[in-house]
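Every chain is named by a letter (A, B, C and D) in the order it is written, and numbering of its residues begins at 1.
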């Protein structure tokens, strides 16, 4: 089992004829994802990796049953692409595009709510239910089936953690990248909630970073409502205060969203926090052994 | 029983300090409607017929449990008043105001859909579940409890029909005024659907008029999905083609929405159509007798 | 409020929708003058009705002289009952293709709807369904780019064609104008492709009367008769008819039913007058005076008071009757809100009112026959 | 991008939000000149940081001479590390009341949020909760009039007061500006009532960098160091730090973790550089050249390829090393998308790459100590 997507999920690629879109459509196919169609206005009728390309999402949906979409179009057109997907009734939309204006992101989220759609990202590597379906840009070889759920804000850092897990013999159930922007569709709490319901996810690794208060909210949720054990890693311990470290969300302001506040909230919720990425498997081992011992 | 509103419905009056608002708040109270609060920006703290007045719907909702609102504010402010009601979670909003720009009406309806609210009107006399709750501007004395449901586009014409029914000994369950504008919240089909579910509505009188295709749609619905008998009266038989008769909806264009097309659609659906308003009770009598005879 | 073609085109131009070169003329000389710059020209009668081409309201000219002559023929003519007071003189277009494009209000879906077709130039209802694209627009988000792409795709246009790009821009701008100007209808038929350019060769624009208060910059077009205009100034809906029984009722439906019932009994209504919407007694008094202007044989007042109060109506009647001597019979039917008070006011002036509409109507028809 | 107060106020003025009379000065003479018209004046240092009042960055003057003197004292001073290059010279306001008003982005609710308080003038975090009104705004419908009325009602303002009406207008216009200009923050603290007028006495405006492509009319403010600016031109996020290990990683989280791990092992990173987001090899080569500008002791490249491809990274490294002689050690960690090809490219140039991040980091720290 897995959350959000599984082996039956049929996927559309918006922006499939672009450099990133075509490359990753191929990678997703190679992973085993059912990429059934692509969209690129003006390129309708072409094929990319043998995937049929349509001019509009509407046209693609008329020919295929599509459950999820992944968006690669440039920032200036990403909002429109997302709305297009919502209007055609697609209920899961992963927005890979980065540098989307924050006002556009707010509109995307407001529209998603009206249409009952789930947005992963923007500025995310996507999500993958290991061995079943990858909707994203993560390297294929690290995502092997297993019982550990992973949810992270940052992309490469998740790969790092997932790589360490794999090294230690842990496969993953589903790995979700929330996205690095200030406004993203899913929160840690949203994803933890799903994992909690997923019988086959035995433990969860949460990869947070400084800025915002999503980790603190997650800590509260874990404390009040979760049974599945959670282990965390937090990036940004060494970041000097007030310096912006690339993500809009990673601004340390007014003493909120600091490493210390996140670490203490999580520890307070019984979540072990790793000092370094490669320590995560060890903490996981400890917490799972403890559980099994009970 | 009744549809939409009953004896427990607690009502807010938006624009309660205006001439129409205060007069009809009093009339509604006199009818027995639970008018619990009024809103008039800048008049918060006052009382009208002993009803407390608030500056905002939000403030009124903080003090009272409000199920429905009736709007009397001028056309230029009506959209804002409706959105205000929706945002405070009010699920039934009757908009009495006429001459609301059609673009505003479209926005009201789009917002109502998002908020899951039902809009009666605009340009309606409202609705009344006889003897239980009147949310509207119809004269009190004609609406006595009974088993006939009435749904109409036009106001005074409904009173005429309801008066004729009363004269003939028929009380009404619920009487709904759809409103005379081109864009209104409820269609004949919406209301017929509710009546069909209402065990105590024995028969329905539908009062249509030329223009639009709502009567034709109703005929189709009656034919396919209704068991409760329906009698109709249609206004506008004598209207010269192409002349606008007051309602934006009552423009005869392109041969659609004519008296003839409506009459034949209804008759085809087994609905008796009265030539004159005062003939409605007779047709009702016939259809009910026929039923009872079965 | 309907606009003349030349006004619609001037609005289009303002919003960046290409229209043919040209100008409006009220005299043959003006038409000739305009044609000097254009070389050859199309001379189009400006009337608030369709089908003007078939009615001979459009002429062509290859010189200023011909243009003057054409204008002379058209100006002053009547087309479907509308007098031609102006002609639009425009460049002749080298038309390759005629499209249809319109945005209007969809009452059923409660949203703006765009209608487009590759078969322009004819009545949209005669175009087979499969050539028509209908697209409801979310009024809250508007004409998003993806919606325009869907339209282009459904029409089967080539995305890369320069004319497709122009078409997309026109769709976007037309919707912008439609929303910004509170339009009920904006129709371009035909939208032509001429020398690689997409151009609005015609313009039908109707603006929502209810929005006039916030569209103060828009021109006002008089479609009404003198009496209709006076009624409009009072905020009342009035339509002139051919009969001899002047009618005042309240509510559009009720007013229509009143005409129906008069006709049913063999009477001929002189007008439709909806005094609904809570008009006060002063306004209603003015309305009754209006009724008298057409010199009817009978006045029939049919009021079922809701938001309209019977006492206001009674006051209006007694006020008019007190001020001027009225030779014709006035049949009154008065029930509803504040009915008792209304009757009391009438009785104080020795007037009486019917209870039942059909009885009153029968009486009015009977009196009109005398 | 943060704006100076004077720039924020000029935007406010454009959108119809009242601001004090005044102008910006770069010299004491200019400050004196402006004060001639104002009579007496406030002289405010223009720096991109808060708390300038407490730091002595605001002075008062009752004559042009005093204003010149005040400006002389302020110009060139440093406030919290920011050099004062301009002062804003403004009329003194006869302040009756100080309010707080701001609109910013609420990440949790994913919508704009308005924050208002009757206790303005101080840090909003020090104002007790009960004096703060927070209102999330529906980004699709905007600042509807009823929302403004709710704000006024929640603040306990008198609806009929003239200042309430002015406040309502300011709220509407501030939101309009916030949306139209792609702002991340628009803060007025204090929003003052002076002589019955509601006036923005300060202005903090931050514009979304991602929206610069569609906000071409807005001024550009340089907040970055020379190297940061060069990185920004490459589309990369770069922050200067104090250490000696130059770092390039991909992804903000990964880049932060890279700094964390270096520090964990006792190393000192010289910078933060996120080469993520699918930058090509050309861009990455430029980025590596940037790292060299700060003359670090070691270069540490830590790449986990996702959208970034390892072959692009390898090509970038070999390209730079092929073009210039680099005296310092380069520690590379390279895994992920197209890893094999990347390693092959490196090996062809006799370079090797680590597999594990912490081993690579330890090596980099070790080399930096030598």
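FYI, a contact is a pair of C-beta atoms (placed from the backbone, for glycine too) under 8 Å apart; a residue touches a chain by one contact, two chains touch by 3 or more.
Remember, it's a predicted structure, so these values are computed and weren't measured experimentally.
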Pair exhibiting more inter-chain C-beta contacts, A-C or A-D: A-D
Expressed in whole Å, how far the mean CA point of subunit B lies from that of subunit D is 55
Which whole number of Å gives the spacing of the CA centres of subunit A and subunit B? 49
Once you find the CA centre of subunit A and the CA centre of subunit D, what distance in Å lies between them? 27
Which subunit C residues sit where two or more other chains touch them? 138, 140-141
Please set out, as single numbers or ranges, the residues of subunit A touching at least two other chains. 111, 114
Draw the chains as points, connect those that touch, then say whether the picture is a line, ring, star, complete or other. other
What are the touching chain pairs in this one? A-C, A-D, B-C, B-D, C-D
As the complex stands, subunit B meets subunit D at residues 41-42, 44, 55-59, 77, 80-81, 83-84, 87, 111
Which positions of subunit A touch subunit D when the two form their complex? 20, 24, 27, 75-76, 96, 98-103, 105-107, 109-111, 114, 125, 137-139, 142, 152-160, 163, 180, 182-183, 187, 207, 209-210, 212-214, 217, 233, 235-240, 243-250, 254, 275-278
Please name which positions on subunit D make contact with subunit B in the complex. 138, 141, 144-147, 149-150, 152-153, 159-160
With touch defined as at the start, can you tell me which subunit D residues reach subunit A in the complex? 105, 107-108, 110-112, 125, 138-140, 179, 182, 184, 208, 210-211, 213-214, 237, 239, 241, 249-257, 259-264, 269, 272, 274, 276-278, 303-308, 335-337, 339, 356-358
Report the residues of subunit C in contact with subunit D in the complex, numbered from low to high. 140-141
